[in-house]
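What follows is a pair of complexes built around chain A, which joins chain B in one and chain C in the other.
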Partner chain A sequence: MLRRPFFWVIALVIAVFALAPILAGDVELRESLLLAAVYITLASNLNLMLGYAGYVNFGSIVFFGLGGYICVYLMGAQGWPLAAAALAAGVGVSLAAFLFGLGILRLRGAFFALSTIGVNEAIQAFVSNFDPWGGSAGLYLSTELFQPLGGPMQALWIVYFLLVAVMGLSLYLSYAIKASKFGLGLLAIGQNENAAAVLGVPTWRYKALVYSASAFLPAIAGGLYFFKSAFIQPADAFDLSLSTEAIVIAMLGGQGTITGPALGAYLYEELRGWLLTSETFSNFQLVIAGALLLVIVLFAPGGLMGWIYGRWPRLRKVLE
Partner chain B sequence: MLGIFASIVDGVLVGSVYGLAAMGLTLIWGVMDVINLTHGAAIVAGMFGLYLLTNALGLPPYAALPPVLVAGFAVGVLLYWIAVHRMIGRPPLMSLLSTFAVNLVLIGLGTAVWGTVLFNVAVTLPSVSWGRYTFPGTHILAAVLTAAIAGILYLFLYRTRLGKAVRAVAGNREAAELVGIPTTRVLSLAFGLGVALAGVSGMLIGTLFPFTVLSGDAYQLKSFVVTVLGGLGNPTGALLGGIALGLVEGLATPFMPVSWTLVIEFALFVVVLIAFPAGIFAFRRS
Partner chain C sequence: MTALLEIRGLSKSFGGVRAVDGLSFALDTGEIVGLIGPNGAGKSTLFNLINGVFAPDAGRVTFHGIDITGAAPDRVARHGLARTHQIVQPLLDMTVLENCTVGACFGRENLPLGRAREAARETAVLVGLEDRLDQRAAQLTIAGKKRLELARALSARPVLLLLDEVLAGLNPTEIDHMVGVIHRIRERGVSILIIEHLMRAIMSLSDRIIVLNSGQKLAEGTPIEVANDPAVIEAYLGDPALAEQLHRRA
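And now, the complex of A and B:
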């Protein structure tokens, strides 16, 4: 893997993310890159389902929100340190996704998609009524929890670097899966699930595994993100528009590729920044995201990477 | 036990309206294997159609039904040509995404115009008393109208030439094409009908409960549950599924807070899908 150029492309992206705000000493740049890192994490993990296996997950934000809740709860109520709580969030959500996936992934294509819409609604309703997690009022973290990391200022930097690491791991995970036999099986499922099953791909187990794998890093990212806010409530944690944006990003960049979601996340973040500052369009953010998605699905299902590959076929060897 | 009985009957009345919404969803699925994610938006559009026609034009609430039906059909046909036509025969992922995108645009526009505040259309009808029980007149009339519309749809699908063409395309599109049925036109017709049914059910729900622009999600989820209960692609089953869901809601409401309803419905959805994974398909294919 180390000999492949793409390995170093990812390393370069991580380095830019890590170094740019330090060199510029710019906190605003850091916050904007932090959001981009979260977008990239969500989109590239969604892409494991959407791009590889051809299964759309409308509720990928559940992983993020649930991870956030577990992490905040373990830190606030149980006094766990950040690293342990975030890891526990990742493992816990991943495990839950696996068990749940075993049941729900018996369903094919569209039925699975329907159930993922329901997952989000149901989990949000559950958390809003779950008293140990503060119900609809949510959970707060005391600022003292920032002390072990060297105070709030330094803690924000540490959280940023951790999120960049999670983003990098997401990209490497996408890459490792794509290069493996497991990934080949997923791509076969995406092309034709019956044919894949006949050829001996354990489709059900593979789908449950990839569903669970796509939950791990978003859950950790959610834990870190809501630790940073020191506050979590159901409406923020299970914000459906973030799920939607992850889909738009993956499709915009090019589903099934690894560069695509990262590129899409960067472009979408730019577009969003522009829309939020524009007087006319600030109310129409979802409308524009929807219109963008429709245009991509109708006219350019390969997304940006599809267009780039078509234009410069040789790039296929460098950019996965 | 007085409360439970009344609650069950009321649940069945309201559930039949959910069944009407689900008939729209299941018709589209049955005819073109597309899951219409603009369903929730269509339901909300029906609600706001009711609101506009009664508040701005001063129509009596139930007079809003024909215009909502016609407008729903027109919008549905338009949506078919914009978002669905190019997706026919492509992987289900694509039509899911395209209808999802249209849903985003519609809900986004609705939010920009009306915000997310609660709207309420006041409908005054005398309640009906039966022994010691009293049922709201609006709920009864909604169920009656639902039954009438379902009856008309049944007559259309089974007694008219065009309806038979719709069923033929649902059964086997290529064969229908071979015997000279203009399948594309039939597909757009079916999509228009599906959206019109969703709009009318939204309008009827609007006479029962207050609503917001974002209400569509919850009712869309209910429609999914209902279609799965009734067997996808089966309009009669959808109506029965709606009544079954209403029954469950009626049984559950006296015992737990309303905010749990969605959790229960979703659990029901998953359990039905997992317990009868083949059943749903077998029912349709047979």
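And now, the complex of A and C:
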């Protein structure tokens, strides 16, 4: 893997994310890149389902939100340190996803997509009525919890670096899976699930495994993100529009590729930032996202990477 | 000696239609058994019952002495039973080599990726796809897709191969090539159960032929015995051309 150029492309992206805000000394740039890192994490992991196995997960945000809740709860109510709480969120949500996956992955196509929305809505309804997690009012974290990390200012930097690390791991996870036998089986499922099964691919187990794997890093990202906000409530944690944005991003960049979701996330975040600051188009990004999705599905199903590969076929070996 | 594949009392109905009806037969190691019968006789359904696409209503399928009745298709594949589809099922956006690699990876030997690629390349060469390894399956002609279907099944290094009309839709040159490939597969010690409408080919390929009609076994024997069986000729009378062909072979 170390000898493949793409390994170093990912390393370069991580380095740029980590160093740019330090060198520029720019907190605004850091906040913008932090959102980009979250988007890349969500879109890359969604891509494991969408681009590899060919299953549309409309409710992928449930991993992020549930991870946030577990992390915030463990820190606030149980006094766990950040690292342990975030990791527990990842493991817990992954396990939950595996169990849910065994159930809903018996469904295919539109029925699966609908059931993923159902999972998100069900968890949101549960959390809204779950008193230990503050019900619909949500949970607050005391700012004292930033002290072990050297105060709020430094804590924000640390959370940023951790999120960049999670983003990097997401890209490497996508890469490792794609280069493996597991990945080949997933791609076969994405192409023709019945044929894959006849060829011996253990479809059900693979689907549940990838559903679970695609939950791990978004849950950790959710934990870090809501720790940074020091506040979490059901409406923010399980916001379906973020799920939709993740799908737009993966499709925009090129589903099934590794560079695609990252490129799509960066461009989308730039676009969103620009729309938010322009007075006329404030909060207009979802309209644009919807239109973008239509255009991509109709005219460029391969997304940006599909276009790039068509134009420069040799890049296929470098940018996977 | 126990048979490689043993079917006992196998039945499957679809909404009142008995597609396979109390069928029993056996296949020994190294044999090529031909399966013929009019359209709708239950031949493809039988394949789907053997490799686990459908679960039978009744009966047993034993492979290698192991009961595989109703086992999922991927488990059956692991046991060393591979098949091709009458309507080809290529993984369209993957290359020829990748298609075959899937077969090799998840087949009987459960090979790691690198060795699976070698095995895939070898079988692609065997069926004559060596020039098309990096082509997407979608770009192949029908004859190419048929070969791919066979190469992919073969990449799993199966003990038993179920071939569902691999010759249908091919021109005479392609048929000759494919028949040659099937002979070479047999020389490797692979047993074959083959469905085919093309009498010339199936009569020359098969050691033994089983005739199905309405899901039941109508006749069984060597190609010559079967072709002379009055019941078989009777069943084919609805299709005079086929009856004629049968006669000419015998």
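Just a few scattered comments:
In this text, the second predicted complex is superposed on the first by the 319 of 320 C-alpha atoms of A that agree within 3 Å, B and C clash if a C-alpha of one lies under 4 Å from a C-alpha of the other, contacts with A are read in each partner's own complex, and residues count from 1 in each chain.
The definition used in the following text is that contacts are C-beta pairs under 8 Å (C-beta built on N, C-alpha and C of every residue); 3 or more make two chains touch, one makes a residue touch a chain.
Every value quoted in this text rests on a predicted model; they were computed, and no experiment measured them.
Superimposing the complexes on chain A yields a three-chain arrangement in which chain B and chain C fit side by side. Chain A is touched at more residues by one of its partners, and among chain B and chain C that partner is B. Taking the C-alpha centre of chain A as the apex, the lines running to the C-alpha centres of chain B and chain C meet at 70 degrees, rounded to a multiple of 10. Judged by the touch definition given at the top, the superposed model places A:Ala113 against chain B, while chain C stays out of reach.
Of the two partner chains placed by the overlay, only chain B lies in contact with A:Val287; chain C stays clear of it. Of the two partner chains placed by the overlay, neither chain B nor chain C lies in contact with A:Pro81. Residue contacts after overlaying the shared chain place A:Thr203 against chain C, while chain B stays out of touching range. Contacts of A:Ser180 after superposition: chain C is touched, whereas chain B is not reached.
By the touch criterion stated above, A:Ala195 is placed in contact with chain C alone, chain B being left untouched.
Overlay on chain A (Cα): least separation between chain B and chain C is 7 Å.
Residues 35, 82-83, 86-87, 91-94, 96-98, 100-105, 107-109, 111-112, 217-218, 220-221, 224, 228, 257, 259-260, 262-263, 266-267, 269-270, 273-274, 277, 280 of chain B touch chain A in their complex. Here chain A touches chain C in the complex through residues 180-181, 184-185, 187-188, 191-192, 194-204, going by the rule given at the top. The residues of chain A lying in touch with chain B in their complex are 50, 54-56, 58, 103-104, 106-107, 109-111, 113-115, 117-119, 121-122, 125-126, 128-129, 240, 244, 247, 251, 283-291, 293-294, 297-298, 301. Residues 51, 53, 72-74, 77-78, 82-83, 85, 89-94, 98, 101-103, 105-107, 112-113, 116, 152-153, 156 of chain C are the ones that touch chain A when the two sit in their complex.
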